[in-house]
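In the two complexes below, subunit A is the common chain; its partner is subunit B in one and subunit C in the other.
So, the complex of A and B:
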């Protein structure tokens, strides 16, 4: 598809236009980080930070989502939740977009379609932003991604300094910038140069291909106990992760009126695997730690054909115990190869 | 010999002499400026131990989880030692099964700057320990009262300030999990029958969780700040805890984690306690 040039002034106009026909979300400064917030003007955004605090996953799979409402006295009259709005998400980093591509497989790629996810997904246009200065916790290229990766996106913007190179990846993306002028060969060359520089800035390397085979027989290995000792079993890593997708369903009822709500859940919580009988097969903290690592690098390879870590580094950044998933992988490799 | 060398030497001795089964300390993380709790069981691994301003985790939180292994040596800053006192008071630890390796602390860093809790720390040296590793540090000039601004606010404004903080909560419970005081086998927030607190982040659910947690900290929180530092959403949880600690001090003259022989402030009755709030 034709690559185009969008100046900052044009992007400002585009954003204003998108905001008239639907919601626009983009990174906005909050305290000393950025988060995706609803905007009406480009001036509200901060597109310079490497990663938002939480990934973009919440815009497709909200932390709390009402599935339907009901009245206890009228169980036959459930009222569907409102249909979601159309939305453009601006400033999605390549790792987050890759995470959404993985979520697509979980929520709709295995025969069944999750209605709540899919109806948001269908109404969403993802506008990515190339990453020029990865953080020291970034390792997208070690797990098959790239700071300028296009997977999952409708349109990728690359900041060439006050003007953006716009690469449409889908018809939806192309439609957003159809009136913009075409990019020149020197624009494309500039982008290639920035992409190479960003790629070179990521030095973290982990070998996740061999890891899968090793993990297949690692269930009872004592290394899990050792690796999990610092883990406090909070859910921070799972909630900031672009691909974690577990949820719990709860009925909230007050004075006879209620709603069925689904909320993010985490495999690190002891209630996650608690059976109705009271039995808990994953009571040991080490078993919960093992589950998350296994899920990222083994279980999802079996389920959807790929590791479900996109290298955004958020779990490293936010772990209150300083656990580093790259170190975990490295130590696993050392222990399991023996 | 530097403090770090002394620490490693003592850890080796304790493990080699089988005086303890584990030394609980810190080691450097994979990335610059980070450290992570270390669980050393072999003398040859003791050389990985570090102690400096990266070591913000309150190691007392790990003691109830590893105490079944046997006698543990633990590196304790002032705040960690006070949490150990709280756990001793509450009969969660056996003093004879601990070797407390005290370290003076000049405060820990959070993203390159001094952690808020450390700026107002009145106990930079351990209040209880078996031996000091390195020298005690000088008591710090106490910074401005961190509650001063908050207490100037009208009640509605205080509520607003707290509501704004907890609106960012994602209910990951990192605050609870890093807290030495939170050792309940089932937390009130995880109870399902009855369910005391809603699971959503909307409405009053977040506030209920944080208010109830703050109440459970009354007379027990040593203001180490591990919860605030551990929160991935940057919520100033110490706003709650400081206020509660101050109220307990005003009401009962009690400061948490100083004297293992004093009963927990809220688990003891004294006829001289101020009673006017009951009337």
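So, the complex of A and C:
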């Protein structure tokens, strides 16, 4: 597809146009971090930070979502919830977009299609933004990604300094920039140079290619006790993770009307797997810690054919106990090869 | 909302009865409310029962697909949803999603002997299986049922158990934990009684369903008798939500109990991190 050039002024106009026909979300500064918020103008955004506090997953799989409504007097009849709006998500980093590609597999790539995820996904256009200066917690290239990766995106923007190289990846993405001028060979060369520099800035801290066979026998290893010692099972890592997809379903009623809603859940909570009888198959905190680590690097390989860590580094940044998932995996591998 | 796997379909309570002497267990026979055709299912599958405003919970189907008139569930009153279910009266409606999950491998059982080992109120899907095997009696070899509860009044489907005892083409061994007045059958825990009954592993399959502790102690007994790990099946329970492999709640390692299970062979379980 034809690569194009979008100046900052053009992007401003494009955003204003998108905002007229639907919602536009982009990273916006909030206190000392950024998060995806609804915008109407490019001036509201802060596209300079590497990662938003939460990944973009919430725009497709909201923290709290109404599945359907009902009236208390008719507890047998479900009424459909409102249809989601069309949305353009601007400034999605490649790791987050890769995370969405993983969520696609979970929610609609196998078995039943998740109605709620899919209808948002169908109405969403993802506009990515290449990373020039990865953070010291970033390790996307160690898990098959890249600071300029295009997986999951409709369009990738690369900041060439006041103007963006726009690479359409889908028809939806191409339509967004169809009226923009074509990029020149020197634009493409400049992008390649920036991509190489960003890639070189990431220190590869784990090698997931070595993991698969090793982790087959990792569940029963006593090292989990040691690895999980600092963990307080707060679940922060699961809430910031771009690929965590667990949810709880609950009913809420008020004044005769109610809704069945779903809310993000965390496998770190002790009630997550507790039966009604009180029996809990994952009672030990170390078992819950093991579940999360193994899920990312081993279980999802069986489930969706790939490691489900995209290397965004958020869990490292947000962990109150200072646990670094790369270090966890490294120590685990050392224990397993012993 | 066509094809939305999360929206329950309306079903009506045709019949409800108190199942246990402590009144914590009730059995419901449900029929489809909108004259919908009964769905196809096999023993071992489960459904989500739903009372809008209270929530949803998973229950094994206790009826057999050969009983096409109704879907049977036995509900233990233990939380919000099950309490709301206990208040349901005949003729009232509720929501249902299903059938969900896999089933007992009844095709593999054909021409073979089947041993059913159950404990407490986990006998529901074993009742489905037994009713299915008995409805297709000539397809199967010897059928043995070993079933225990804490006391006689906690045994499910007592009238039916009595009928089975009279049939002559199924060996029924009932047991209770401690001696009770009027009880002339076995006394002892299910694993111990299984060891005494000594079902032969020859051309046989075992299906074990019960509380985790019963499963844990019954497995070694069956292995000692010579049952191979891939010929022992069990049905697992997890705190499921979606029932369709999306919400992640019921995982055991890479397996989801709702879509990869709830029925697993002991050989499969041995390779998973948590088991029952």
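By our rule, the second predicted complex is superposed on the first by the 335 of 338 C-alpha atoms of A that agree within 3 Å, B and C clash if a C-alpha of one lies under 4 Å from a C-alpha of the other, contacts with A are read in each partner's own complex, and residues count from 1 in each chain.
Note that in this section a contact is a pair of C-beta atoms (placed from the backbone, for glycine too) under 8 Å apart; a residue touches a chain by one contact, two chains touch by 3 or more.
Note that the structure is a prediction, hence the values are computed from the model and not measured.
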Classify the contacts of A:323 with the two partner chains as first (subunit B alone), second (subunit C alone), both, or neither. first
Any idea whether subunit B or subunit C touches more of subunit A? C
Check the residue A:285 against both partner chains and state whether it touches subunit B (first), subunit C (second), both, or neither. first
First, second, both or neither for A:260, with subunit B first and subunit C second: second
Output check: A:250 vs subunit B and subunit C. Expected answer is one of first, second, both, neither. What do you get? both
Which partner does A:302 reach: the first (subunit B), the second (subunit C), both, or neither? second
Doubly contacted residues of subunit A, that is, touched by subunit B and again by subunit C: 248, 250
With touch defined as at the start, can you tell me which subunit C residues reach subunit A in the complex? 1, 3-8, 10, 33, 51-57, 76, 78-79, 82, 93-95, 211-212, 237-239, 241-242, 244-254, 259, 272-276
Complex contact set, residues of subunit A against subunit B: 30-33, 53-54, 63-64, 136-137, 226, 229-230, 232-236, 238-240, 248, 250, 252, 261, 263-264, 266, 269-271, 285, 316, 318, 320-324, 326-327
Residue set of subunit A touching subunit C in the complex reads 67-68, 70, 72, 74-78, 80, 106-107, 110-116, 219-220, 245-251, 253, 258, 260, 262, 265, 267, 272-277, 279, 281-282, 287, 290-291, 294-295, 298-303
For the subunit B and subunit A complex, residues of the former touching the latter: 29-32, 34-39, 57, 61-62, 65-66, 111, 168, 170-174, 176-178, 190, 192, 195, 198-202, 226, 229-234
